[in-house]
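This structure is in structure tokens; I'll ask about it shortly.
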Amino acid sequence: MFIQIFSVGGTIDKVYFDALSEFQIGEPMADELLRQGRVGFKYHVESLLRKDSLELTDDDRDLIRDRVAACTADHILITHGTDTMTVTAAALADVQEKVIVLTGAMQPARFRDTDALFNLGLAIGALNCCQPGVWIAMSGRVFAADGVRKNRLAGRFEAH
Amino acid sequence: MFIQIFSVGGTIDKVYFDALSEFQIGEPMADELLRQGRVGFKYHVESLLRKDSLELTDDDRDLIRDRVAACTADHILITHGTDTMTVTAAALADVQEKVIVLTGAMQPARFRDTDALFNLGLAIGALNCCQPGVWIAMSGRVFAADGVRKNRLAGRFEAH
Amino acid sequence: MFIQIFSVGGTIDKVYFDALSEFQIGEPMADELLRQGRVGFKYHVESLLRKDSLELTDDDRDLIRDRVAACTADHILITHGTDTMTVTAAALADVQEKVIVLTGAMQPARFRDTDALFNLGLAIGALNCCQPGVWIAMSGRVFAADGVRKNRLAGRFEAH
Amino acid sequence: MFIQIFSVGGTIDKVYFDALSEFQIGEPMADELLRQGRVGFKYHVESLLRKDSLELTDDDRDLIRDRVAACTADHILITHGTDTMTVTAAALADVQEKVIVLTGAMQPARFRDTDALFNLGLAIGALNCCQPGVWIAMSGRVFAADGVRKNRLAGRFEAH
């Protein structure tokens, strides 16, 4: 198994810059998390965008869709902000013959009490097992991309 | 989705007791890890045994098999030491109509640099997606239970 | 030894609220950090303010000074943002017969790779050993409050 | 300020080797902890021994004493197992004109919930502030070396 990983930003990659007194989206955390997970498969991480998902535009989604479709790998992981993860997933619906899983985190991966490492494991579990299509791996669940929404108040993803 | 979790010991649950100057297998870590993963499904954790997996006996495996078979849940997670995980998996091969996933860790869950949280995510991903049968979720892979072995020297699970 | 702890905010206490997509100053972390440090002395934590230190006003500093002066304890720890820690320390210069130590963090205590726990240890070390006066414990050093500045670019405190 | 650091083993440096199914004393953690503490002083770490402190012999203590006495630095930190920390401290009592601080940990530094980082901060605080002599920095306290004992049952150091 080979997995192509695209990072587009979101809470999972947030870092704190003291000199600026602010949080920004930093380097993709996927590689560090997979090393902590001691994974035995090959993968490649590429940073496409570094945005809060509320700031992603239609052009950004065209870029993501084009890069996923053009990629030779048939297993794709996308790390993404949670607020518009389902919108990007919908933009990928017509990509054929690939298993595409989106995940992210409610708390930055650099925090002690983060869900990022668990969520990445969940997404990799889905990539091992799912049929071609677009899937969202969050809140301990693997959802078909068109059957899920984020419940912002409850802080979790739910079937709808 | 409801998941019944049985813990039987292993590295994942090891804790350090200063007063004894030794490491022992402590309380199951599954519940704490699932809370960190902010999961949205219901589950129940039960500690069956607290053993290094090299010390598990045939009687222990009979107990595990009986409890899994008798359990009403159809999604079962077993946290287990890595050295004989495949032996226990083999003992479960005749349990019908349940998705059974075994996982564990190469480094204790109480360590900073542990694979436990990732592995639990991986196992939950498999439980979401797999057909009934017995599966081992380790090293970023989900293996059919009869097609995997631990490569102790390399510190990972591999197809065989 | 009894230590009165006042928290006034700063990076050390920052927390991430997913529902707001923003970081804010949360509950004081001092108590959790001291429990992790397994300390054997008695202490009490009180939250006076929850501000970035760049936002602290003269009125805020009057409040801090009054509460420190009025407090019956003779060992005082103040957790504080780093950018104006020396300004608050100067406002405390005329408090008599108390050992007052200020500390904070360059990375939030809730991060994995935070200096908060180390800095709190450093500050407690100073409180054990220093003469009455106002001290700043940062960057592995204990400075007299009027002999130190933050080098924002280098990300550390230095004698001046 | 320059600090010479000697590690002699103990719980603070314990690591888990999966291939052996056992915990051993690994590389000194002091350097990694001081980097996390973002310290601004110079230091050098040397590993003298890798032993549980219950296994230290008179010869080992002669070695430690000789190396401390021969060292040109006047600020010395020793990371040490907790069970016989006071015995080694007593063996150093006649070293002149140096500030010598011993510390260690009740839980390995590689654990998430470890006191190692706090204790190292505490010890560095003592090295900044103490007069020449031998000190033990544990349990949030800085003790004169001849006035402290480990209460093994309570899991802390106390004045005696």
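Chains here go by letter, A, B, C and D, matching the order in which they are written, and residues are numbered from 1 within each.
Just so it is clear, contacts are C-beta pairs under 8 Å (C-beta built on N, C-alpha and C of every residue); 3 or more make two chains touch, one makes a residue touch a chain.
The chain lineup, named per UniProt: A, B, C, D = L-asparaginase.
Treat the numbers as computed from the prediction; the structure is a model and nothing was measured.
Asker: What chain lies farthest away from chain C once each centre is taken as the mean of the Cα atoms?
Answerer: Looking at centroid distances, B is the chain farthest away.
Asker: With centres defined as the mean C-alpha position, give me the chain A-chain C separation in Å.
Answerer: 37
Asker: State, to the nearest whole Å, the distance from the C-alpha centre of chain C to the C-alpha centre of chain D.
Answerer: 26
Asker: Which integer distance in Å separates the CA centroid of chain B from that of chain C?
Answerer: Roughly 43 Å separates the two chain centres.
Asker: Scan chain C for residues touching two or more other chains and write them down.
Answerer: Each of 106, 112-113, 155 in chain C touches at least two other chains.
Asker: Mind listing each pair of touching chains for me?
Answerer: Those chain pairs satisfying the definition are A-B, A-C, B-D, C-D.
Asker: Given the complex with chain C, which residues does chain D contribute to the contact?
Answerer: Where chain D meets chain C, its residues are 1, 33-34, 36-41, 106, 113-115, 117-126, 128-130, 137, 139-142, 155-158.
Asker: Where on chain C does chain A make contact in their complex?
Answerer: Within the complex, chain C touches chain A at residues 11, 14, 16, 18-19, 21, 23, 52, 54, 82-83, 106-108, 110-113, 152-153, 155.
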